[in-house]
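Before we start, here is the structure in question, set down as structure tokens.
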């Protein structure tokens, strides 16, 4: 995620950040401009065509297209924000779990460190699992939970969670944590897995294929039929007009695509690296 | 569900996938084109009719129709996404239940395998139950829970869940699982039935009949009155215009119909088969 | 609720089902047509009036009216879907409660039958309570819980729920159900009352009076001022135009009114009768 | 709240109820009409001004204004409906609490009456607290909980809730209610305070000042610049046109203002008085 | 937050509050006016340019821009309202926790005061933590929990919560609070951390960079190309027209920016100071 000041209008208007859709769409914009120029030349200078009121069709379709793009934007943003919410829940659960364990465990119990490291590793593994996969070597080793323990596992976060459950269960068997307190710890443990499952769901399920297909086809149809009518009314002025309309409509779709899978390392993705650091710091301070 | 790269614009624009609405609507598009051609011939070449500003009525109605189609799209997508959420919850619950059982049960207790198979069967049965029904032979048999056990039952997932409750209750009666731990297992068991109930609700309750009826009538009225005014202004150009507008409006309705019941095996349906495989693998790794 | 195939376009387009708004609005449509004809005759043939660009005002107001109608549609649909959700929750709770009771109670305990009948009666009473009221005679009598028990009660579902609580509490006092298990049963019992309360809320609280009043006034104003401007531009063609626009706008309001209280026996109401049958069957199979 | 039949169109269209925005806005409508008349006289009869296509600007701004008004309507309605939901939750919680207490407490325990009166008083106090404040004299006195007990308290509902917690805790200390059952009672007690807090939140937090300010300014700008362009095109017909548009736009804002704080005694407010009566009756029947 | 009467139209229309966007945008409005004047002079008086129907492009783009601005407004308002909800939850949790502690703790137990002060400090620290940071000196000192205790901590609210958990756990170890009662206290303690985590999430995650960038670019493009077409049709009248349109569109973005981070001390921010006072008073009255 990029840190930025949303109130700095001039900087944002003239910024051409690498994640700016303008940069990404530039070849498309040039292509559309050239195409419009050619249509304008053919219709006006060769055929001298003329018909009336030709923009009405694009108004009609433009309306429904705008609404579909806003639907697209809403769903993409909802996924992004749900992803943020799930990672916020990781922060909350880590804190609550640490606060409870701190209150329940004697100051010198070695389970404190074990659980702190395991939770930290769980968050790290969750973060990497949602990207390209977890390197067991990058996890903090501790006692039996070393790189060997983690290798050969298909779903590393699940295995770490298994270890956490096992450790807490042992504390219960050793009567260090009472049954009532075990119930108090349940919500956070359960929620960790639920959050990760939620993130996997967002990552693996883009918007239905039919909508992705349909929206791109309609944008294409819309922009490539536009010059036919517009060059008669606006002559060569149609070139910037069509280019701007293409830029606006295609950008909305492009941003939605980028936002929709928010766990990577792109400019608009969620700051899962820094959330991990926050959790690590919180755990070290509390536990 | 189709795996696809949402960022590959050209491929998506020119793809004519079997699930593409263009293919499905092709007969309709041809019909609308022929009809528009006939209207154009009659009005322009026979009656030489002329009136002014005739597109305004279609703008007015087009507006409210677009908004209704977006309402339709939103409700259909909400069902699809809720279905996905419920199946995501199956994944989470299976994991959490397995993690808890793994921590609670001794390593050599045969209930481990029994419960793993029962949960796997439950998910399989849920998946098939939401399609054409469950074949008892396709379930993994184990001890008393064989094909005979499952046959003659009306609602097989309920019966499997009954067996799971029974097994866990027996573990409690045998004092292997304490009362506090029984409380910890409750949430996941309950949630399995809630999820399946949610899926049944989505499957059995399409959008109210009145909306389905009304939307189709308005699209029909809209498209079939369109040529009357448009052929005067656009002559034979009205043919592609009306065809495109029909394609855009009808597609939105058609996609919504497809998305709204997401548990089948269509191109846009949820990947419940692969979710089942994921759950099976997770259970095998953990328990 | 009407069972229908949402993909059967022709049938839906030409169906004139008794719940179709077209049938309901027919007198209104005829009235509007006659009124428009009269206005057309007066303006065009008597006064020969003429002014320009008269449709712009109806575009402006049509826009805001469309958006209000979509707001209306959304709120009505939300109630309908929440009602469906609450009845889906009745199904889930009955199943979970039955599954738990089946695991907790010895096979020969008479409380099994008592509770099965009481839950079945509760759902039946809830269904009737949301319509015209419960006939005690229609409930399944069992031991002390016969028609006499139910008569003279103001709120019959509450009384049945009271009996269920009493029965389960007795099982706890008799040490058949332990304290931990009592906690496990709590969620479903509580949820039954919450669901019924939710349905009562939907039934008793239509959309605020001010919106109902305002929307009908604006539709009236809109449709009855429409011919004044339209007959100049479209002559007698204004008759079908105004009739269609009236049909489209008034239908949205009419459907919303029908959908908003979904517990009756109308064509678009929820299938609470068949949900009751499902619950009854489920309970008989499990318990 | 006004009871009304939403299907009685004619009555609603011609009703001029005291809560009708038409009545409230009448002075404004007259003012706008006079102003438009004056502008029409000056522009047409004095300056004989003329420019073209002047309605396009109002279309553009009218569009964004309509969308903001729908945003306003949605947020106001959401508050109203959330308020209704919270009061529905009061009904559900009272019922569940009464059902549980009925099952847990011996038939002759005086705590039954005490708790019934305290819960009834809590709902009454909540209702009054959300209006102008609670008169201790209006609460039902019982033993130590008389008018003196309630006077001198800043937040009376909190104090009643404190008494309820105290009573139930005493029952636990006296071993009449076991620890497990205490846990079962917790949800409802907690939810009472949460509901009241939710109502206080809705009451004390109107829509952000910036939106209220901005919307009123834009409606003002919109309506007062409208005659400048419209009188040229529509002559004195601009008077009813501008009056109608003012009526429609201002009404939406006015209704939203009325709906947004739903706990008073206005025509569109929630029927908290009759909900209180329902709760009182339910409690008397159950406990 | 500013207290205001939403029904006082005249005051709001003519108020130029320091938080009014008009004041903030004044330099921009003047700039846009001058720019439009220059364009008008060049096009009309120097080049005598003329083309037709030039407003249609701005209608098309204006439509999609309006919808994006409403999307922006919705997301900003949702954050603001979620923030309000979280602070409302602080109020509810403090009350419930105090009510429970009051019932559970003997009248003379010193833990009453300790916990009251700690909860009060937690809310104060949460409030300041969401602004510029917590000054340990401003917290109420009590016994070991004095300014020294709080200094050198990175995340002060977490440390206070740790102390609360510790105190309550000690009460449990001393058998003053039973295990069942400990479970009853869990929800509120957990919810405090969840609420603060939720506020941190809102504060640290503005709308995705891509949307902020894109919206500002489109508003800029829209307003700065507008005079090119408008001065031909409206001559020097284009100056107020473009200025008004700029004011309306830019205001929506500016308000959304202000609303989106609602924990500061701006005019539209949440009244966290007065909510803190309410909680403090409630706690003093109950505990």
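Some notes on this structure:
Every chain is named by a letter (A, B, C, D and E) in the order it is written, and numbering of its residues begins at 1.
The working rule: contacts are C-beta pairs under 8 Å (C-beta built on N, C-alpha and C of every residue); 3 or more make two chains touch, one makes a residue touch a chain.
Since the structure is predicted, the reported quantities are computational estimates derived from the model, not experimental observations.
With steps allowed only between chains in touch, the distance from chain D over to chain E comes to 1. In terms of the stated touch criterion, the partners common to chain B and chain E are A, listed by label. Note: Cα superposition of chain B onto chain D, rotation of 145 degrees, nearest 5.
For the pair chain A and chain E, the distance between mean C-alpha positions equals 23 Å.
Chain centres here are Cα means. That of chain A falls 37 Å from that of chain C.
With touch defined as above, residues shared between interfaces to two or more other chains in chain C number as follows: 59, 63, 67, 70, 179-180, 183. Taken as a contact graph, with one node per protein chain and an edge wherever two chains touch, the assembly forms a single closed ring in which every chain touches exactly two others. Across the complex, chain B is touched by residues 1-2, 4, 6-7, 9, 12-13, 15, 17, 19-22, 55, 58-59, 62-63, 66-67, 69-70, 73-74, 77, 80-81, 84-85, 88-89, 91-92, 95-96, 99-100, 102-104, 178-181, 183-184, 187, 233-235, 237, 241, 244-245, 248-249, 251-252, 255, 258-259, 267-268, 270, 281-282, 285-286 of chain C.
If you check the complex, the residues on chain D that touch chain E are 51-54, 56-57, 59-61, 63-65, 67-68, 70-71, 75, 153-155, 158-159, 161-162, 165-166, 168-169, 179-180, 182-183, 186, 189-190, 193-194, 197-198, 200-201, 205-214, 216-218, 220-221, 225, 257, 260.
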